[in-house]
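Each of the two complexes below includes chain A, the first together with chain B, the second together with chain C.
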Partner chain A sequence: MPLVRKSTAAVDAPPADVEELKTALASSRPDERWQAARALIDMPGGIALLGAGLATEADIRVREVIFSGIARTATPEGAALLLQLLRSEDASLRSGALDALAAMPADMLAGRLPELLYDEDPDVRLLACELARGMPSEDATQLMADLLERESEPNVCAATMDVLAEIGGPQALPVLQRSAERFASSPFLAFAIEIAVKRIKTTLDSGR
Partner chain B sequence: MADVTGKRILVVDDASLIRLYYRQALEAAGFTVEEALNGLEAIEKLLLEPVDLVIVDVNMPRMDGMTFLKTLRRQGSPIVAIPALVTSTEAAPQDLDAARAAGANFYLVKPLAQDVLVQYVRLMCGISA
Partner chain C sequence: MNEDEFRRLCEFIYRRTGMVFTEAKRYYVERRMADRMLATGSTSFASYFARLRSDVRGEVEQFINAFTVNETYFYREDHQLQCLSADLLPRRILRPRANKTIRIWSVPCSTGEEPYSIAIWLLENWPQADAYEIEILGSDIDTRVLDAARAGLFGRRALMRLSADLIAKYFEQTDAEHWRLIDDLRQSISFSPVNLVEAAETRAHGAFDVIFCRNVLIYFDDASRRTAAENLYENLLPGGFICLGHSESMSRISPLFDVCRYSDAIVYQRPMERADG
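So, the complex of A and B:
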């Protein structure tokens, strides 16, 4: 039997007016909020409405469509909203924002990253290290090495080491070696430095 | 010392150095260690083969630790009761409360010494010293 596609236009089409979409975004039905979120992404003023909606949105599917839409449209307004969400108390919002930022074109973040790595909140500096992972190796190495040199928060240092262990270049070696003395009393950081140095040297040797 | 043979631990963390550090400590203590890079991958692994304990980070891509715990606890299968130890950089009281509400059994703040990790894992696996 041939597949007959039922007409869904009348059932599924979201309202086209921004005010109606705003109302739909506050609906008690997740499907309605999902449709409204999808439609709002490309509308003028939509990002601001979605940002406000995210604060109270509990449905994972609706959150996902908002984050993926913001990442897809990759506007400065969307990036600013995501950067603000890195400070959220909600782990799911932080992670969603981080994923969406990582999915945006690297040049959208390149200018903001140094500022994030100097943020007064260590949690923001730590999450910013994850964004550096998506940058070209030489740039990421420089940013991570600079941060490691000045950083005192152990978990932020650990995040820089994790990035350096994965994509770090040889210019990070002197900083890592100096850090080994600084963190000799921390078993995990001493371990992390040792592995990062080993991996960078292995990459260097295999490239020769 | 009690036997840990056959006890399997799933480490869920996006940081490769953390996973390696935990693996090294736990394997040296006799545990079998599995790894997942985020909550989604962890759920997939657990549905295929449950473990005795999950060690989970909070901030992870694709599915964070809190969402993972909430998902774990609402599954209608044997994995709903797997004990979960959260290890996180987040140290504020509200972070501990959020983890407990999501289904964590215990919460430790990173960075951890290997002997502390092993001590808590043994306790949570019901292994006396």
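So, the complex of A and C:
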């Protein structure tokens, strides 16, 4: 019979030493960097090294393991790093950071969200709307309604309406109605408002 | 069991195994919990949970054993076995190999039907089998099922998809309802405990050409699925393949693997060793 039993050699574990892992993170072999990144996440000082590594990392698998590790460990340090990356010039880093933030427990972000929604960069405000989607409905409604009231950037307005349509509560209705007047000349936004209002009312009716 | 107790128990199971139990599974959880309390003579949730947390007399292992779902049978989703002999192994032997051993891992293997099916299938359907040494390993977190797998005694239900010829060739009937796998086959497969979400445990099993990881990720949440996928990635040789259950898809779990669509099955591949650029 061609079937055999053998004693097997284990797969190499990554080095246990931070300095060695740091060297491995700069290796020319992506698999080695991948393994080092995975191990560093749980090491003291690891997140800072990974954050620095991300900026030059071109391999999507290595990037992914860093993002998913940061999301899994859900530390304040990791969250701070991801928030920083929302400002990156590199679109794939921005969206990787956004996905990882969205995968973290909502209460980790709750405190940081208002400030992001006030950021002077409209792209950051836009991404922050995506994060609000993962918040409890009442909190998200409040944040989106406040933003909509003061926002002038059409893309960001559309994002708030989108979030409100999905998870908004009735407290948003007055603000939506006011913005309907404000955006009367933009058919696209007027339509988005109409949908949000309709959805909230439907949810309200079915909840009764 | 009150809300808080239920939540703490589920959290404990999740941390130890990656398995997620929600409110919908409350009855399942309560039943098993009641069994363990009875078996250990615990009179309250608090006293049992304390015993569990300090792992008195290996209670953690017994507890995990009680919560696993071990449903399995011979030749389950045999289109993947077809894919193994028609596509995966021929590709694995295309390149010159350092040695003649082909390693296949059935994880989780439950009571052994899956690794034994792989063995029977290859003996029956892969003409090149004789030119290689084939090492098949079965592993599971549940130590009870591993004992059953080593014993190799099966009931009618487990054999329902095997032809009478195959049963006659590879089993001996022991009574009206039971069949024992022939010694040759039983002794040619090793079984070992492993927790898929513990990298130190998966690494100890070495690198494989093909891994079958079927019908376990459905019990995990996204985070533990990803951890298991990352662990198994390390257990694959470059170019090695992983087969999941029919309702499981790696694409939704991790971008680590390449998707391969063969005529009999969709499987996932660890890319060949890459260098930058």
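As a convention for this text, the second predicted complex is superposed on the first by the 197 of 208 C-alpha atoms of A that agree within 3 Å, B and C clash if a C-alpha of one lies under 4 Å from a C-alpha of the other, contacts with A are read in each partner's own complex, and residues count from 1 in each chain.
The rule we apply is simple: a contact is a pair of C-beta atoms (placed from the backbone, for glycine too) under 8 Å apart; a residue touches a chain by one contact, two chains touch by 3 or more.
As the structure is a computational prediction, the values presented were derived from the model and not from experiment.
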Discussion item. If we overlay the two complexes on their shared chain A, which of chain B and chain C does A:60 touch? Say first, second, both or neither.
Written reply: both
Worksheet item: Where does A:103 make contact in the superposed view: on chain B (first), on chain C (second), on both, or on neither?
Response: second
Practice prompt. Could you look at A:161 and tell me whether it touches chain B, chain C, both or neither (first, second, both, neither)?
Written response: first
Discussion item. Between chain B and chain C, whom does A:77 touch in the aligned arrangement: first, second, both, or neither?
Written reply: neither
Item to complete: Kindly classify A:35 by the partners it touches after superposition: chain B alone (first), chain C alone (second), both, or neither?
Response: second
Worksheet item: Should A:119 be classified as contacting the first partner (chain B), the second (chain C), both, or neither?
Response: neither
Discussion item. In the overlaid three-chain picture, which partner chain does A:139 touch, first (chain B) or second (chain C), both, or neither?
Written reply: neither
Discussion item. Based on the A-chain superposition described above, do chain B and chain C contact any of the same residues on chain A, and if so which?
Written reply: 60
Worksheet item: What does chain A use to touch chain C in their complex?
Response: 1-6, 8-13, 28-31, 35, 38, 58-61, 64-65, 68, 71-72, 103
Item to complete: Sort out for me which residues of chain B touch chain A in the complex.
Response: 14-18, 20-21, 24, 58-67, 89-90, 94, 98, 110-114
Worksheet item: Can you list the residues on chain A that touch chain B in the complex?
Response: 60, 89-92, 94-95, 98-99, 102, 123, 126-127, 130, 154-155, 158-159, 161-162, 165-166, 186-189, 191-192, 195-196
Worksheet item: In their complex, what parts of chain C are in touch with chain A?
Response: 101, 103, 119, 122-123, 129-137, 184-185, 187-190, 199-200, 202-207, 222-223, 226-227, 230, 234-235, 238, 254-256, 273-276
